[in-house]
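Paired with subunit B in one complex and with subunit C in the other, subunit A is shared by the two complexes that follow.
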Partner chain A sequence: MAKQSSNRATQVIEAVGSFLRRCIGSILSAGPIPKHIAFIMDGNRRYAKKQNLEEGAGHRFGYSTLMNMLKYCYELDVKYVTIYAFSIENFKRRPEEVQSTMQLIQEKIEGLIEKESIVNRYGVRVHFIGNLKLLSKPVQLAAERAMNATWHNSKAVLSICIAYTSTDEIVNAVEESCKEKQKGNEKLLDEIGEGPLIDVADVEKHMYMAVAPDPDIIIRTSGETRLSNFLLWQSARSLLYSPGVLWPEIGFWHLVRAVLDFQKNYAYTEKKSKES
Partner chain B sequence: MPNHVAVIMDGNRRWAGSRNFPIVFGYEAGFRAFKRLIELACNWGIGTLTVFAFSSENWCRPKAETDLLMGLFERILRFELEHFMRENIRISLIGDATKLPKQLQSLLVDAVEATQNNSRLHLIVAANYSGRSDVVQACRKIAFKVKDGLIDPNDINEYLVERELETSCTDFPHPDLLIRTSGELRMSNFLLWQLAYTELYFTNALWPDFGESEFLEALCSFQQRQRRYGGNL
Partner chain C sequence: MFLRWLEATILDFGDEMHKVYMWIWSSGDLGLRLLWHILHLILSTWYFIIGLMGSVESFLISSGLFKRYRDLDISKVQYLAVAIDSDEALQTLKVLELLRWLEAIGLRKVCLYDTAGVLKKSKEALTLLLKNERMSSETASDPLVEEKCLSLEVISFSDGKQAVAKAADVLLKKHYLSSNTEKPKLTESDMTDALGAIGYREPDPDLMLIYGPARCHMGFPAWRIRYTEILHMGPLKSMKIGALIKAIHRYTMVHQNYGT
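Showing the complex of A and B:
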């Protein structure tokens, strides 16, 4: 009986919360809404230490927070969300930590494609972005299954950067551009003697992140103000926002603040992108 | 202490505007702040200082304003070169100098050559610079080497790209600290590859008002940062 009324209370609170978010969303929609928000989800381990939790528990809390933040973004009609789930540099962490993180990632990727998951509720297509060959086979296969299961979703996009660094992405784009030019231009070179010409469009075409426009906002939690090799190319004109809270502590109001900052600077960024 | 500091000197025009001064006063006040910064960098033992003097995107400003800036850069080089020599400061230039006025290009080449053996502070001036263009020009150089059979595309790695970036004029191309003034929270296409693990510091002070106390605040902030480079705590 007590459990039933507790569930009922939770449902009421969630419904009220959802209603309030919709009201605030309507107010925010009077101004421009960012098309693409990227998150560096920093602070899970510090959160676990702060709460005296066992190691690894911080990442689980971080995952719940991520689901909430995705819900808020898609409710606000943000079409593209990108998250920095695991950097190539993170492989340098203790092997036990890397293994437990990978296990959690695999478990959560499989959860993503369940019927009631957030990606199906909001029609989200999922991309896994990075040097996926560096992942173990089970994680690679889980990622492929998730991409196949969601390829027909078209309302929004979630890009999960895993085994990713921006410098690795750029190197891969250069390599692919050179290979493409080499194949296409071999005959041309003999005739004209001019070298292959690589331009911005060639590099961008081969970026893993060609699936999304440049982020309007990059949010990094835990107060650290650096990009840590995330979306270096794509961040050229992004608004950078670094709230002091740890990732599991971030909430709807931080997102509102980021969107308001974006709207305040919108006229300036529009002018700058026209200039370029 | 950071070995390499990069600065986006933003806010000269807003500084002039807030005082109802003509824009040129803002740029001249900005130059005085730039001189203060060089002195501070020398006094605090900073090895390399990179400054974003002019972005490739700034050409869209009114011609009168860009002419004014080019004229100011020429005056600075003419009158300050002796001072840089005395202070043992080496000057390097990154960016596409070919679009700058011929006279300014020639002054820059002379300054780079005259100061090349100086060693107290390496001042890298980014003029008509774009972070994306820097990466693309590095890619082009690599593509030519692939075409000439010097490199196999499968051998392209981060080291090869970094060697071809314009910042290869220094042994420390990655700034430890980036300072941007005037409250803008973005990189604006400055040094994108090189900023992978750079600590970013944003201050609301407009560039002409940036002085010793603001510089010390930036250094203190840097010293409190925990740099992990993706690894363990």
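Showing the complex of A and C:
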């Protein structure tokens, strides 16, 4: 009986929260809304330490926060969201930590393709971005299943960067451009001449992140001010926002603040985009 | 006759209802716009207050009041990048003043960046003016004059993505279009070597200070800012030495674990 009434209370609070968010969302929509927001989800381990939780629990809290932030973004009509889930550098962590993070990632990827999941509710197409060959076979297969299950969704896009670094992405794009030029060119070097064969557009079309436009805002939690090898190529015009909270503590108001900052600087970033 | 009157009345009523509906809709729209402006006014007021507090703090820092800012460990900043909005970079005297401050703080290697290449055009003038100032303030026989010189690298947007494309071209011709049939798996060090071969050998900056309206790196070469701390200093015209010292001090306190 008590459980029923507390469930009902939670539902009422959730409904009120959702209504308030829609009101704020309507006000924000009077100005330009960013098309693409990227998140560096920093601070899960520090959160676990701060709350005296067991190791790995911080990432689970981080996952629920991620689901909430995705919901807020899609409610605000942000069409593309990108998240930095696992860097190639993170493989250097202790093997037990890497193993437990990979298990959590696999579990959550499988959760994504369930009927009631957020990706189906908002019509989100999922991409896995990175050097997926570095992942274990079960995680690779789960990622492939999720991409296949959501490829027909067209309302929004979620790009999950896993086994990703920007420099690895650039090297891969350069390699693919070279292979493409080699296929199309039967002549050898001494017959071609000195002129350049590869330009910026050739490299850009082979980037893993070619599935989305450049991000308008990159949000990194924990107050850290570096990009840590994330979307370095794509962030020339991105507004960088570093709130001091740890990732599991981020909420709707931080997103509102980021969008307001974006709107404040919109005329400037548009002007600079047209000039370049 | 009556039916015609009824029809006309209903149509007039329908028109009036439509007008009221459009008025509510546009007022609602106006109401939302008003609330939007109020939200932005609150944010701008907040930034104004933060700016005022920042100015007071900068003044106190530059008067040497805080011990921690007097004992700055400048050796931690091996290479500093300063990215300036191209329109603001036209204020050459302001850029010169900034370089003077950086030299006075003890920095020796600085990279200046702006998107359009404005700073490349002023590089010669800046270097000459800095050298002249140094010559006039130091004695000619001072052996430490050369050591205190600021080494200046000046780059622009074309040294970013286009440089990578040129390096890709080098790799294509070296490995893929040569008569050598073995095609390697390209690595990051191949890329670094190719960039070095076309003249890009400078190290990655530890810290980047952005002078402009927004915290945005404006296309600074992607290959060089993997772990660079990026701080926004505001517009160049309102730059303060106290804020500069605070930014460098903040950098010296950061601990990076590089993903591990």
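A few remarks follow.
Throughout what follows, the second predicted complex is superposed on the first by the 266 of 276 C-alpha atoms of A that agree within 3 Å, B and C clash if a C-alpha of one lies under 4 Å from a C-alpha of the other, contacts with A are read in each partner's own complex, and residues count from 1 in each chain.
Here, a residue touches a chain if its C-beta (ideal position, glycine included) is under 8 Å from a C-beta of that chain, and two chains touch if they have at least 3 such contacts.
Remember, it's a predicted structure, so these values are computed and weren't measured experimentally.
When the two complexes are overlaid on subunit A, subunit B and subunit C occupy overlapping space and clash.
Of the two partner chains, neither subunit B nor subunit C is touched by A:116.
Contacts of A:31 after superposition: subunit C is touched, whereas subunit B is not reached.
In the superposition on chain A, contact of A:232 is made with both subunit B and subunit C. Of the two partner chains, neither subunit B nor subunit C is touched by A:54. Subunit A residues in contact with subunit B (one complex) as well as with subunit C (other complex) are 87-90, 92-93, 165-168, 170-171, 174-175, 177-179, 181-182, 185, 189, 196-200, 202-203, 224-229, 232-233, 235-241, 261, 265, 268, 272, 275-276. On the side of subunit B, the complex with subunit A involves touching residues 56-57, 60, 131-133, 135-136, 138-140, 142-144, 146-147, 153-154, 156-158, 161, 184-189, 192-193, 195-202, 225-226, 229-233.
Residues 45, 87-90, 92-94, 165-168, 170-171, 174-175, 177-179, 181-182, 185, 189, 195-200, 202-203, 224-229, 232-233, 235-241, 261, 265, 268, 272, 274-276 of subunit A are the ones that touch subunit B when the two sit in their complex.
Touching subunit C in their complex are the following residues of subunit A: 26-31, 87-90, 92-93, 165-168, 170-171, 174-175, 177-179, 181-182, 185, 187-189, 192, 196-200, 202-204, 224-229, 232-233, 235-241, 257, 260-261, 263-265, 268-269, 272, 275-276. By the touch criterion stated above, subunit C contacts subunit A in their complex at residues 29, 32-33, 35-36, 39-40, 43-44, 115-116, 157, 160-162, 164-169, 171-173, 175-179, 183, 185-188, 190-191, 213-219, 222-223, 225-232, 254, 256, 258-260.
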